[in-house]
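Before anything else, here's the structure in question.
We call the chains A, B, C, D and E, going by the order they appear; numbering starts again at 1 in every chain.
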Amino acid sequence: MSLIRRHRWLQGAILLGPAAAWALAFIVVPTVLAVCMSFWKMRDFRLVKEWNLDNYSTFLEGDIYWRGLLNALQNGAMAAALAVALSLPLAHFIRFRVRRHKTLFIGAVVVALWLGYLLRVFGWRVLFGANGVLNTFLMDVGITQEPLSFLIFSRFAIVLTQTQLAMPFAFIPIYAALERVQPSLLQAAGDLGARRWRQFVSVELPLIAPALVIGATFAFILAFGDYFATSFVGPPSATQTIGNQVADNFRATINWPMGAALGTIMMLAILLVLTLPALATRLWRPAGRRRRDAAAPDTTDEGALA
Amino acid sequence: MSAARAATGSTPTDRPAAAATAREGAAPAVSVRDVTKAFEGHQAVRGVSFDVGRTEFFAMLGPSGCGKTTTLKMIAGFEQPTSGEIAIAGRVANGEPPFKRDVNTVFQNYALFPHLSVRDNVAFGLRMKGVGRRERAKTAEEALERVGLKGYGRRPVPGLSGGEQQRIAVARALVNRPAVLLLDEPLGALDLKLRQAMQSELKQIQHDAGIAFVYVTHDQSEALTMADRIAVMHGGRVMQIGDPVSIYERPENRFVADFIGESSFLEATALGMRGDDRVEVELAGGAVVCGVGGARPRGSAVTVAIRPEKVRLAAAGDDDAGSAEENAVTGVVTSAVYGGSDTVYELLAPGGTLKARVAMDPGQGHGVSTYAVGDRVCARFAVAATVAIAPDA
Amino acid sequence: MSAARAATGSTPTDRPAAAATAREGAAPAVSVRDVTKAFEGHQAVRGVSFDVGRTEFFAMLGPSGCGKTTTLKMIAGFEQPTSGEIAIAGRVANGEPPFKRDVNTVFQNYALFPHLSVRDNVAFGLRMKGVGRRERAKTAEEALERVGLKGYGRRPVPGLSGGEQQRIAVARALVNRPAVLLLDEPLGALDLKLRQAMQSELKQIQHDAGIAFVYVTHDQSEALTMADRIAVMHGGRVMQIGDPVSIYERPENRFVADFIGESSFLEATALGMRGDDRVEVELAGGAVVCGVGGARPRGSAVTVAIRPEKVRLAAAGDDDAGSAEENAVTGVVTSAVYGGSDTVYELLAPGGTLKARVAMDPGQGHGVSTYAVGDRVCARFAVAATVAIAPDA
Amino acid sequence: MSTTIESPAPARPAGPARPSGARRAALALRGRLPGLALDGTVALIYLFLYLPAIVIAVYAFSAGRTMSWPIDGLTLSWFETAYSDDGLMEGLRNTLKVASISTVAALLLGVPAGFALDRFDFPGKALFQRMLMAPFLVPGVVSGMALLSLFLELDVRLSLTTVVITHTTMLLGVFVILTVVTLQRWDRSYEQAAMDLGANELRTFWFVVLPNMKSALIGAALLGLTVSLDEITRTFFVTGTDNTLPMVVMSRLRTELSPAINAIGTTIIGISLLGLLIWSLLFRKRGATPL
Amino acid sequence: ACGGSDDDGAATSAAADGGTTTGASANASMETIRQCPVLNIITWEGYANDAYVRPFEERYGIEVKPTYASSDTELVAKAATQRGAFPVVSVNGAVRGRQAAAGAIQPLDVSKLEHYDGAPQQLRDALVIDGETWGTPQNWGVNPFIYDSSVLRADEVTGYDVLWNPALRGKVSLWNEVSLLYIGATVLGFNDDVFDLSDEQLDQIKERMLTLAPQVRTTWNSGGELVQLFTNGEVAASPGWASIYTQLAREGGGRFAQAVFEDSGANAWVDGLGIGADISEPCKEAAYAWINWMTDPEMQATLVRETGYGPAQPEAARFLSRELAEESGATRAEELLRKGIVRVDPARPDVYQRYTDEIVAGFR
């Protein structure tokens, strides 16, 4: 009996071993290293392993870093809200209204990604430019005299592109959760007098609440860390995001420790943002007990995020 | 189609004016008129008509895929008929969404909301109607009490047993005081004992609530014990409508005879009438028997249906002749299966295989089979228990 | 525990040497010895012992959650017993993985591999044994033919009906020629007609294959009609083991009497013995009846169990006395439920409620209830059909 | 694209004898309105998702160099330019190489691990799962930065290998979780049936579990490829002198903005959409969704 | 100018037969060079075009693989984080110090540079620190101010003050780079040592530059980006590069004009070629071959035609049309550079970068 136990333990170790080793080498060690590095400094463009808090005090003092963090948080929040808001009707439509070729409808959401992020951002820029399709049309028709300038190099453009960037990633978990909502539950609600909208609000939404949180989280993280859209279509003031600052410290100013410190701060920010919805979900369900019901994504989904 | 029409025994569908008149005064709770439903070329329901009285317990009975659920859904408003008309409490409901219909449904899988507590499930309909929180809670608790689940209000739904969920689904529907309650195999998932307990409970609830129940089941014994009237369905059509006794004792066609309870079918040829509703036939193997049935042209093929439990057996002897009230055929036992309270024998008889379910003689203690395979026996069954139907009807 | 031990009627578990001896020669196909299984503190099986003969059809019968599946899984090797011993064809199997045991299982949900064709499903076991492709295909086709599914080989599994899947699952298991076939409620998902058809088919297959079947079911009529021997389980224990007739006619405790078929229970006090195995008791309401049972101290509480179908009713009259062979009690009808082939009456009788299932008189055509609620009737039932058991046993 | 959208039954022509006909038609229309509004919203959402692609495709066929409106005539020459552009083609090759190797590597590491996580309990399991997801959940800059720190510290020469390592690390957690989630929905009795029929653990996994995870694995692989093909933020940190297509595109966008890039993008999305169409027509019957 | 400089004839044939080294040693060095699997070059876009790369690859039988940096800082960072990856590193006056300090490049062996002496002294000096030669000049330029002639008249464009012209409201673009500070310094007259400005001066610059906010539509990071901004009508004026103007002149149909503020502190620069640290011997040989290849006067002429920048070898003028020789300032390097501010490493690059970021972040 004990032999079998050990045998089974061994089986687990063999299956888990490679992934665990990989994770140790490429997740744990780099993270620890990056955190350590954030307490070191550069001298003459070379890394010096002298422990200090300078990078963090620079962060605390530097107005520009705070602005970078706030910009990123704002981007994340907007994209999360909009990506979820757009994913919901889409997912609902595919789940409950599309009968055949669901694959096509779902796949089309993902394939939109395959144009490549850069080209997608670029496409918006072309579309919204002063000589772009939209402005030319508006001026030809006579709706506007001058090109609309808010369309591009603006916060509006950032929100638009980042929402588009993040939407498929919000859509996937939301659709997966909706796929597990039995239509009979909505029918039951209708039977009990709920109009379509109430069916959606009172039954559908609560059932997929955890997936909404997951989808919003994905969208948030993508937009929070993104800096291509901001520098491509944003106003100059928005080009400073904390993600951009991390990148610049590595790719430009060669201040790795500062970059690592900002990266560490990003990790902390994400951790905070991730725990908030987890707490909220726990409060959301007064019934209390965590349970695996028909619609909620599996606990591991939640667990991984919480 | 013809079977269905004939079976309704009410206003023919090609005279809508008459139907309209019927709606005044005490219109039926549900009136289904010549309804069909096609799914992408597949006809799920093919011209179904029936009325359900205001306080009637009406069962739709039939094998899997016969269109029961589809018909129920059309009454509830989840599906729209391809043709035909559905009226609820005298008002044509075609095109109306479910939330405007004065019906409620108990779903096959209960469809309780997993994110709500038991009480919030029951109170859902009231909430949709805008009833205040306090009153909602009170009414829901009362409804729970009525189905024997007092004190369950705060519990979460997942984890409740099938029987409990079933009763909550009923409470959730009844709390809205609908004119009609639709139930789709509400007991299908429960085990025998619980099913039996719930059957009488539901019957009681229907009686107390004083409303119409439309009850879908594929379990004939459930339909027989619970319903005031039964519509037997097959392949999207209604094969017969009637009260349990007439459905059981006077099946109109082979499908009903076979689906409701058991029947043996013997092939025969019509000889002539004996009285108004008795027909005399000659079994394929030679014996002459008499059964209940309408006029048949002499020489036409007839099928004779006999219920196994209506057959008495005796060792074959000299006096194996029938009488005016009782048929008698002689056959050879080909199998005998012990079943606790009875034994089922199969006889090779003229016209086919005749089954006899012989109850233990109540006076006798142990269940020991009386006849062995190979024995020649005489089977007797009342003329009143013999039904002559059209072959393959 | 004690019930289970007493029931096995074979080698007591505290004498393993004797058990070892028994294994030589024709050891039983399966031998379960004092097996328990605990899941995280919850005792699912509590000391179960039984033997299954080489060609026996053995049923495990009991309500949901009584430990049937768990016991079966331990035989199959999917679970390991917490204590006790399991031997297959005389060889102790504890600790052996399923793929080394000479048993095969037909799963409750069939567990047919959805990614394989019907033939590849059936041939799976052969493939694992390294049988060549040609021979595999041939053997699989033969097995399919045997279960009446000739020509189904190339079909994909999803989309097959329940009955078809069930037969494929049987073919897939049988093709490996196991010493024992384990079946976990194989017919649970089928509807009544199909279930009955499959019952005789399975019985036939078992007979033809000449191997042991261990058959789990919670349907008593299934167990009664199919099994050579039945183990009735309850709460992880075996309550009684025996052939169908003795289980049905001589229940050893209230659980069995109630679970197998229906029983009425009347409370009584022991008066004394009448002969070897007849005990005379006085019902709580006063009447004296006699039943089958062992010695009881005078004055001790006794429960008397009577099957509804063993009770005959007559209008209450002057000669309502019992005889040496027949008990008689007088009661008032409190309910009468028509059920197609019979009517069930409930009587308020001395000692409790007495049910009587009165079959339609086969000589009578229509099922009309003979007695109405409130009627006083005399119920008669044979002494041989009256079983005296310990109260709450 | 023959797709069917569930819609309420067509309104029946109201019979002449029925005064309720007009009201019923109005009812039917009103009942259909919310559905139509949803259809419209969804059409707009797809348009939103594909607008950039449409714009890029239009300019891929536009003769002019500058991307202003209206376009200056049509041409296919940008496609020719693109396909004969060594830099772009090499980028494309590198991208496909990186995406496929890291997807396969992450599957090989992640599926067994997910399997073990489904079967075995050990202290810290939840933490371990979360840790695996971290590289996917943390912004790309952070995980790119952390891995670059490692490579710098170890003095590893940046190359496609470091890119593959980075992508594999990013995908690993996703695949583990997908495996665990799939297995949780998987009926164990299939495995028991296989063992019952004589298959040991390994053969059970190979012959029964794996084939049935196929669609989940295809979905995972597609997701992996999707994410890897388009990865820039992490790649940016750890790439050496060999570049993936997004990196090439980025450097091109910074300099000449050749419409050849539009041609590449148009080609990729065109082929993907075609593939998707074929896939969904082929697998229509099973209704298997890749995700 | 010391010995070793080639005569005209030899230089002319350099491109054809691989330089002036004798046959035997040439073969030996060819052998060595071929052992360098790939010649990786990190440089600006435009400095590794097919026009130079293809014939070199044919000549030496090895592959040249350019990696492009989009900014000075990226040039430093990439070479520093990937030490040993790039045998050839683009070095310029503004980054040589950081590149050297970070250990990204190694000092050159001047004796192996065939055309070193052909470059004007001022250009060579721009790449020397403390007597060590870190790069050999390749190109130079004075950054022009580019504008849309339909928005500004030429006579309005006299200095960087023009950025504040009301006609340019919302139509200005700026290079998102520390050169922003140099523009501010010029406008404020801090011409003495723009590479070592004090915090007060930087604060003043920041304040002044932020008054540009209403004028600025967006900033640019790369030449291609600015070309798009102009051609798409997004902006009407921006400081730029000669190569950008060259491109705009080709595509814009005379709409765009440039002005070089020779007398009011134009940004001037010298780009050179250096050799990366930690590279193998064969690749080092190949790197020298590339440097000699690119500084050969005839190839320099090609470079002028491709980019529009001034050639580091005045000799190149011989292979250029008179117009182009004039326009590129081929023979006037020292004169033109003296008027502009030739960029060198700032004393405090991180502080400069922070001020730049803060200014940009203050635009809209």
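Just so we're on the same page, contacts are C-beta pairs under 8 Å (C-beta built on N, C-alpha and C of every residue); 3 or more make two chains touch, one makes a residue touch a chain.
Chain-to-protein mapping (UniProt): A, D = Spermidine/putrescine transport system permease protein; B, C = ABC-type quaternary amine transporter.
Every value quoted in this text rests on a predicted model; they were computed, and no experiment measured them.
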Exercise. Which chain lies at the heart of the structure, taking centres as C-alpha averages?
Worked result: D
Exercise. Given the contact rule stated at the top, which pair of chains has the most C-beta pairs in contact?
Worked result: A-D
Problem set entry | Chain of greatest Cα-centre distance to subunit C | E
Exercise. Just how far, in Å, is the C-alpha centre of subunit E from the one of subunit A?
Worked result: 39
Exercise. How many Å are there between the centre of subunit B and the centre of subunit D, using C-alpha atoms for each centre?
Worked result: 52
Exercise. If you average the Cα atoms of subunit C and of subunit D to get two centres, how far apart are those centres in Å?
Worked result: 54
Seminar exercise, completed: CA centroids of subunit A and subunit D: separation to the nearest Å works out as 15
Problem set entry | Residues of subunit B engaged with two or more neighbouring chains | 97
Exercise. Which positions in subunit E touch two or more other chains at once?
Worked result: 81, 221, 232-233
Exercise. What parts of subunit D, by residue number, touch at least two of the other chains?
Worked result: 66-68, 148, 152, 253
Exercise. Along subunit B, where are the residues that touch subunit A in the complex?
Worked result: 76-78, 97-99, 103-105, 107-109, 111-117, 124-125, 127-129, 156, 158-159, 172-173, 176
Problem set entry | subunit C residues touching subunit B - in the complex, by the definition given at the top | 63-64, 191-193, 218-221, 224-225, 244-245, 248-249, 260-261, 292, 307, 309-312, 325-326, 337-342, 357, 359-360, 362-367, 380-385
Seminar exercise, completed: In the complex, the residues of subunit E that touch subunit D are 38, 40, 45-46, 65, 67-68, 70, 81-82, 84-86, 221-225, 227-228, 231-233, 251
Exercise. Where on subunit D does subunit E make contact in their complex?
Worked result: 65-68, 148, 152, 157-158, 240-241, 243, 251-257
For this session: Would you mind writing out the residues of subunit D in touch with subunit C in their complex?
Result: 187, 189-190, 192-200, 203, 207-208, 211-212, 214
